[in-house]
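Per-chain numbering from 1; labels A, B, C, D and E assigned in written order.
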Amino acid sequence: MTAELVLQIVLTVAAGLIGVGLFGALSQQSIVMVMMGLELVLNGVLLAGGAAWYFIAPELPDAQMLVVVALVVMAVEMAMGFAVTVAIYRARQVDMVDMATDLRG
Amino acid sequence: MNDPMGGMTGAGEEALALLPELLLLLGAGGGLLLGLWTPQHRQWRVRAVVIVACLASAAAAAVVFSDPPTRVFEETWVIDGTTGIVRIVVALSAAVAVFLASSSLAGHPRETEAYVLMLLGALGTIALAASGDLLLLVAAYLLASIPLYALAGFAKDASGTEATLKYYLMGAFVGVLMMVGVTSLVLATGTTGYPELATLLPEAPAALLAVGVIGVLAGVGFKAGAVPVHFWVPDVTAGTTPAMAAYITTIPKIGAVAAAFRLLAEPFGGVPLDVPLLVAVIAALSMTLGNLAAFNQTDVSRLLAYSTVSQVGYLFMVVAVAGRTDLALPALAIYLAGYAITNLGAFAAVAAFPEARSISDWAAAAGRNRWVVVSLVVCLLGLVGTPPTAVFVGKLAVFTATWDGGLAWLVVLAAVNTVASLFYYLRWIAPAAATRDVPAGGGTDGGASTVTVGRAVRTAPVVTLHVAAIASVLLGAGSGLWLAVVVPG
Amino acid sequence: MLTDLSGWTIAAVVVLGVLSVAGGIAVFVVDSMARATFALLASFLAVAGVLLAFDLVYLAVVTALMMTIEMAIMAVFMIMFMMNPAGLMPMTMVHNARGSALTGAVAFVVLVVGIWTVDWPIGRTERPEDSTRQLGEAIMGSHMLVMLMIGIGLFATILAGTVLATARGRYDRFGADLAAKRPDDPIPGGLPR
Amino acid sequence: MSGSLGTTALGALVLLPAVLGVLLLGTGRRADRVAGPAAVLATVGALALAALVAGDRPRLSAPFLGIIPGGELGAAVDGLSAVLVVLVASVALLTTVFAVVDLPPEAARARFFGYFLLFIAAMLATVTATTFPALLLAWEVMGATSYALIGYRWQDPGKLNDGTRAFLTTRAGDLGLYVAAGAALAGTGGLVLEDLATADGGWLDLAAAGVLVAALGKSAQMPFSAWISGAMSGPSPVSALLHSATMVAAGGYLLLRTQPLLAATGWAATAAAWAGALTALVLGAVAVAQRDLKQLLAASTAAQIGFVVLAAGIGATAGGTGQLVAHAAVKAGLFVAAGSWLTALGTKQLPGLRGAARRYPGIGAAATVAALALAGIPPLSLWATKEGILAEADSAPLRVLGLAAAVISAVYAAKIIAVVLAAPTGDEPLDDEEPGTRRVPVPATATAVVFAIAAAGLGALAVPAVAGALEDVLGVEAQPVDLGGLLLGGVLAVAALVVSVVVVRARPGVVRALERGPLGTWVGLRRLLSPAPAMAVARVAAALDDRAIDGAVRGVARAVTRAAAASARADTGVIDGAVRGTARACRRAGAAARRPQTGLLHQYYVQAVAGVGVLLAFLLIVR
Amino acid sequence: MLLTVVVLLPLAAAALLLAVPALAGRAAIWVWIAASAADLALVAWMWWRYDPGRGATGVVGNLAYEVDLQWIPTVDAGYHIGVDGLSLPLLALTGVLFLACAVWSLREPDRPRTQAALFLFLQTACLGTFAALDLILFFVFFDLTIVGMYFVIAGWGHGNARRSALKFFLYTFLGSLALLVGFIGLFLGSEERTFDMVALAENPPLTDSPLAGGLVLLAIGLGLAVKTPLFPFHTWLPDAHTDAPAAGSAILAGILLKLGTYGFVRIAMPILPDAWQRWAMVVVVVGTISVLWGAFVALAQTDVKRMIAYTSVNHMGYVLLGLGAAGLVGQADEEARTIATVGALYQMVSHGLLTGALFLLSGVLWSRGQTYAFDHWGGLARPAPVFAALLAVAAFGSLGLPGFASFIAEFQIFTGALQAAPVATVLAVTGILVTAGLFLVALQRLLTGPTAVPSLPDGSSPDDQAAAAAPSSSPTQDGATATAVRPRTATGMRDVHGAELAAVVPLLALAVLLGLFPRALLDVIEPAAAAVAQLVAR
């Protein structure tokens, strides 16, 4: 099997994760579920980053760093997501994005 | 690649090159520590520390301004004219924003934290502008975003938290897109440093490149509030307090535009895609949509929010021609400074009468105060680009640079948009300016019952407004001086 | 150029990949938040497995550990805090499902088309002896500033998260001028007591 | 006499009345009491100065416009202007005297004499101007002051309207002068009047056309004649001044002055000649049909000036000048008489004036003499000058036309004579226009007498020696006196006069009865000889004049108004509408631009994804 | 330095007025008058000391009172001001007209302090525009005039003032941005990359690229045409005028319109000679259409102020005719083109004085009866003879009667332009006939006939005697913004007096003086006009 083929297979998986994550982010009403969709996209990024390191430039650490940064982004955004959810729940007993629509126009 | 130890040995000197940022960080950390032991109603001490840190940072940046451009920390951090401009403008703007926010924050139990967060956001903004590495850009994106989520919802009322929610979800989403973009570029080249990207990207596959460019630009576009990732701007601006809105719509924008400028000039400079045209289209969409949407706004905050969207359009014009004309950098320098001053001034006008949400309320509240109206007029007409304010000079420079960069059509569109923007600014100016004087003797005051909103005039915003108006005119008149300093030669 | 992955490894990668996608889909198919969380965890673990196959041991372990903790927190968060107390009640809370599915599908198709048409720049494969060491040197060397910035970012996250999520601050506990000897907490605790 | 004195005198000649006029106007009603005497003094002074400059022939130049020759205000007195300045100054003096006694005591005299003097100054400047700026300045100020004078009694409805019509008609002609000035600049490189004839190419034709139009307008020649009828709304002194030696004379004068230009084109001279002759004929006929004395005189003025224009067209400068001078005396006298009667009897309708000459014998005699002169009765002045002109007409049709016109002038003169000399019956309709004073002041009579003497005495121009003297003054070649023509003209005039008087006298009773009666065949014969056919033609012509020519003016005015209204509609509707439409479209777009901001986050997501996707596609497609 | 003082003195006075609240009421107006008078005196001093020179001087050489400081070095824009034969007359006109408006405003009771400050600000903007020798500086002041005038109309106007002011601002701002775009084109097209007008005129940009030159000229022309205003960009004008206060209208028509025509002669012609020559016929045609259209539409108006406003379109059309003819180098010799240019420049001054006076006089109507509609007024010569006399003088001046400055202007335009564009000129000449007609008709309607004066609803008219119910007035025509519904009519009307007289009479006197003794002005104008004509012919 050629390396390119494997890369393409792996990236297809990553694309699948991104697609599913996108669907989730767009379709979910619950804030936490939206966050899960976004995590899923980042999951795809993790996979693609690993593949990039392995197949494209293993001599450079950049792709590995990318994976690290992606992990941090996940963690940080998750933390902020919880904080925001708590804040809005405290303020108006809402945990659904559709219920916060005062601001518009 | 570089010897890993090399970075370590030079770290001391290199850290010194980051003195302005260190000062901000020091201000943030010190301010927080100080705040922990400061009684609730004496948190002005923290404010003072924070402002001093900002001013010191600006001063430190100004001192090293004319040094030759360098790249430190393994070329991940660029110190050049663009960075210098952003350092000074952001630090000073942050100081002004802190001062402006003091009117609504004074005595707040979390006052300290707010200032510290503002400082951290400013630091992230500078990092956006200075980063010479995609991963650093992502990190800076996080740092420039997260404090702002908290600041947007700082009041923790219904609208504030909704603003935070939307801001956060939009930011998280675009951050993810940005990660996809970075991944795409890494897949194409294996590297994240701008210099390497600049050499490798031109041979990279176009599809990967396109996804990468779009993803990265989406990230900086979000921070700047550009179409099509601008949706947070009006909602957050309207939902949060005016002072915070001033901060959120001013400071990150500066860094984001500078980052986009650097991206276009360096890594995306030689790619086989027409990225400048893409940016031009984004600019055109932003200014047009921003202006059109502001047309019938009656809420002053939303009006200003859309106006900032359109301003991003003008700013992105110069991004589109980054690296293609010598006039681009001066244009960026003057427009960023002018925009920061003027936008802060306009929001200060809103913050002066926080209860007055609509245009008519504002006019009623401010009607007596001639000078406030005059300063507002200066600021709003400044946003239009009426001479001799700073934004006028900026617009002139931007138009010139854009035309010189071969995008004359965008100049025409921008000119038409400027006229359109005048319409909604006038919708605010006219009622405010038309309010009648109190007769000289002050005898007949028939309007006692009509003016109930915004009776309390906040001092800090009014001062900020006046300072901004004066500075806007002074910077316009003295733009030569400013440009001579920031763009020598 | 042929890959240096063994056939078994490739098979494992494919299986894990399918698993991760299946887990991802399951997140939005199962009818409780708790299950969704675990489906997500499964997806992450599968990806960690793939990373392992790519010789990225450290990253794989970090991913697995971090995500396990994170998903655990998430599950707890949901069950404890949110309006669906048991977290086990059936629920569908979606909007614009068809449009979202379409968007996801289109994104997937576009990406796949790209992936299978792009001429991948494979060739410079001088694999380092130890990927973990490579990463460590990058963190402490060439990408130190990135980590510094992330560090500040985490500091900001802590601060921002606290500001947003907690209602009570030091002035609630120790009084407006921080004069109270003991903190006034609704549920007393902490070391001094 | 030193040259500088002459130059000063020339300047003073124009400035004296002008400055005094402006002073009077500026002072307003406070100056009412001194206005009359001051005006008389000024005109006396002007007459003295005129005499001075007529002898001295000075040139004067004042800086005005720059850069090109002829841009300055130039004035000079040559033969033609020498005659004219003296004429104008004399007539001005006499009409001023008449005006002093004729105006009602409570009138706004300062205003009247202010404009009067300004008008005189303008006329004096017109006849001495040597450059286009000077000419146009004087020319148009004359038009404007005539507007003010005709509309002097603005309180009465319609009077100002008549002034407006006069000003507009003459100004329509004046446009030609602007064009001529441009053509002069283009063709000669300067604005000097004398150089006009040297213009090259099409500019020559354009200049000639412009001058011709301007002159015809000012002189109330066809087709511009209509305004002179309305001009009769002005006070009688105004009519006496405007329609004798000034205003209408100015057009004739201009053509005489620019005769070389007209001749150089080859067509303009002929056109002028025919225009003059036709006017003389048609307006003469119109005059015959008038019942109002001043209207009759007005039409006759246009007709008589027609002879001047004819003279200019055929190059009979001396004859034309003579006609101008003689007509001035005649017509001024008649207008003074008409004005005096109007003041005294309160009417200017011929039935009301029946026997007017007998009521006031002094002025009646003067008027009769003037009328006889108008009729071209030998040896009075107009007989001599008219025949002098016709003698030089080479083309037979022109000559016949001229003769016919001369005969018609005898007819309308006869109409006046027949009426005013008739014995008053006592039941004339008096005071139908204003309350009469029943008194003709002595100065008015004196004025009329002076005019009558001049009108009679200028018949001396038929004497070759006198005519030769005039030709010397004008500096033109002497023309042999055409005795046959003089004789023929005299006889025709006398015949026409006599016949007319008889017919007119007979008309009220017998003629009308015979016309109605069944035994009318011989009457038909009589009719052949009677002025009736002329009257009929005149009536048709009058109707034409009123309906067709003036109607055309009014029609044009109406069309212009309609066009103006239409264009105003287009302006607010289309152009401004486009502006407003843009504004509306912008508002709508503004509303549309806000629609994406739904407040629903998932929709933001979708839109952002869609936007990013479109941009991605854009980036990939547009390379 | 002196010129800088002249330009900034009013601004300083404005700042003083705003800063000292004690200066209320008439004191503010007196400060305004003093500042304007001092400024005018300084301009007079400048004029006195100014040597116009002989032959063709000015525009690129022999500039007096020149100051050249750097402002924005990266784009070589500077504070470059100076005076030559083009600008000096307009500076003087600005001084005179603003002083007249100051005097006029002695009767203004509505927020006099702010108004005075605003007008002084406006004066600085106008003076600055005329003095500027740098495109950006020009634009700065040009735009500020729009801002100032907007507030004048919106703040002190009547009727539909807010809307008219908005329309004015948007329309003219659009024009000014087109202008800016054009300026940028000049900058980028120039060899030395500068915004300096003198340098650009010395070495004209874009001479080798007709298309770019034409497009830049189009942009500049569009901007100036809106301001001037020329057909078909004039529709903001009547609305703005109708709803503006009298002093505002006087400044708007007297000075602000000149900014447009001045821009043509100062910028478009010397800097884009090639393009100007190429498109001169278009300019001539636009000018001629403006002449005729303005005249005919004015004739149909039922509102005094709208009528006067449209005559401005007509008069500015003459200016364009002259300037366009000056560009028809092939068709006419230099003498004729110079004369046309002189006429156009003279027309700017003359129109400023006469139209300023006309608008101030129309303000009398508003102050007495709150309406400009013709059919509400009549027979005013009886109760107000001085008003009638002044109106008549102004009208005759405006219709181009010799003896007034307008004649000098129009005569030279016609004579100069005829050689270059005979057909257009002959057509345009008819404009003076139509103008004459409309002014005479207007005089007739206002001054003669039965006296009719609409009395103020609150009976504040001083001579309100016969307050009989009026017959229902004819419905307001479309487009006419005569607002007041006539409740009653009076037969008395207070004549012009005091401040009104002191404001209007000098304007008319100047118009007459300049009509009779044009040398004083021509000596200054002619060298500069000759210079422009030569520069265009390059």
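Here is the rule we use: contacts are C-beta pairs under 8 Å (C-beta built on N, C-alpha and C of every residue); 3 or more make two chains touch, one makes a residue touch a chain.
Note that the structure is a prediction, hence the values are computed from the model and not measured.
Undergrad: Which chains, if any, touch chain B and chain E both?
TA: D
Undergrad: Treat touching chains as neighbours: how many steps, at the fewest, connect chain A to chain B?
TA: Each step joins two touching chains, and the minimum needed here is 1.
Undergrad: Please identify which chain has its centre, taken as the mean of its CA atoms, farthest from the centre of chain C.
TA: That would be chain D.
Undergrad: Could you name the chain whose Cα mean is nearest to the mean of all protein Cα atoms here?
TA: Per-chain C-alpha centroids ranked by distance to the global centroid put E first.
Undergrad: Just give me the whole-number Å value for how far the CA centre of chain A lies from that of chain C.
TA: Taking the mean C-alpha position of each chain, the two centres sit 8 Å apart.
Undergrad: Could you give the separation in Å between the centres of chain A and chain E, each centre being the mean of its C-alpha atoms?
TA: Each chain reduced to its C-alpha mean, chain A and chain E end up 65 Å apart.
Undergrad: If you average the CA atoms of chain C and of chain D, how far apart do the two points sit, in angstrom?
TA: Going by mean C-alpha positions, chain C sits 103 Å from chain D.
Undergrad: Could you state the distance in Å from the CA-based centre of chain D to that of chain E?
TA: Centre separation, chain D to chain E: 36 Å.
Undergrad: Of all the residues in chain C, which ones touch at least 2 other chains?
TA: In chain C, the residues touching two or more other chains are 95-96, 99-100, 103, 107, 111, 120-121, 124, 137-138, 142-143, 146, 150, 153, 157, 160-162, 164.
Undergrad: Which chain E residues reach two or more other chains?
TA: 170
Undergrad: Which residues does chain D have that touch at least 2 chains other than itself?
TA: 594, 597, 599, 601-602, 605-606, 609-610, 616
Undergrad: With touch defined as at the top, which chains are paired up in contact here?
TA: A-B, A-C, A-D, B-C, B-D, B-E, C-D, D-E
Undergrad: Taking the touch rule as given, give the residues of chain D at its contact with chain C in the complex, in rising order.
TA: 602-603, 606, 609-610, 613, 616
Undergrad: How about chain B: which of its residues touch chain C in the complex?
TA: 1-2, 4-8, 11, 25, 32, 36-42, 73-74, 76-77, 109-110, 113-114, 116-117, 120-121, 123-124, 127, 133, 135-136, 139-140, 142-143, 146-147, 149-150, 153-154, 156, 164, 187-190, 203-205, 207-208, 211
Undergrad: Which chain B residues qualify as touching chain D in the complex?
TA: 165-166, 169-170, 173-174, 177, 206-207, 210-211, 213-214, 218, 227-229, 231-232, 234-235, 272-275, 277-278, 281-282, 288-289, 292-297, 420, 423
Undergrad: If we count contacts the way the header does, which residues on chain C are in touch with chain B in the complex?
TA: 111, 114, 117-121, 124, 137-138, 140-146, 149-150, 152-153, 155-157, 159-164, 169-172, 176-179
Undergrad: State the interface residues of chain D toward chain E in the complex, per the touch definition above.
TA: Answer in residue numbers: 28, 63-68, 132-133, 136-141, 144, 147, 154-155, 157, 160-161, 164, 167-168, 171-172, 175, 178-179, 181-186, 189, 191, 203, 206, 557, 560-561, 563-565, 567-569, 571-572, 575-576, 579, 583.
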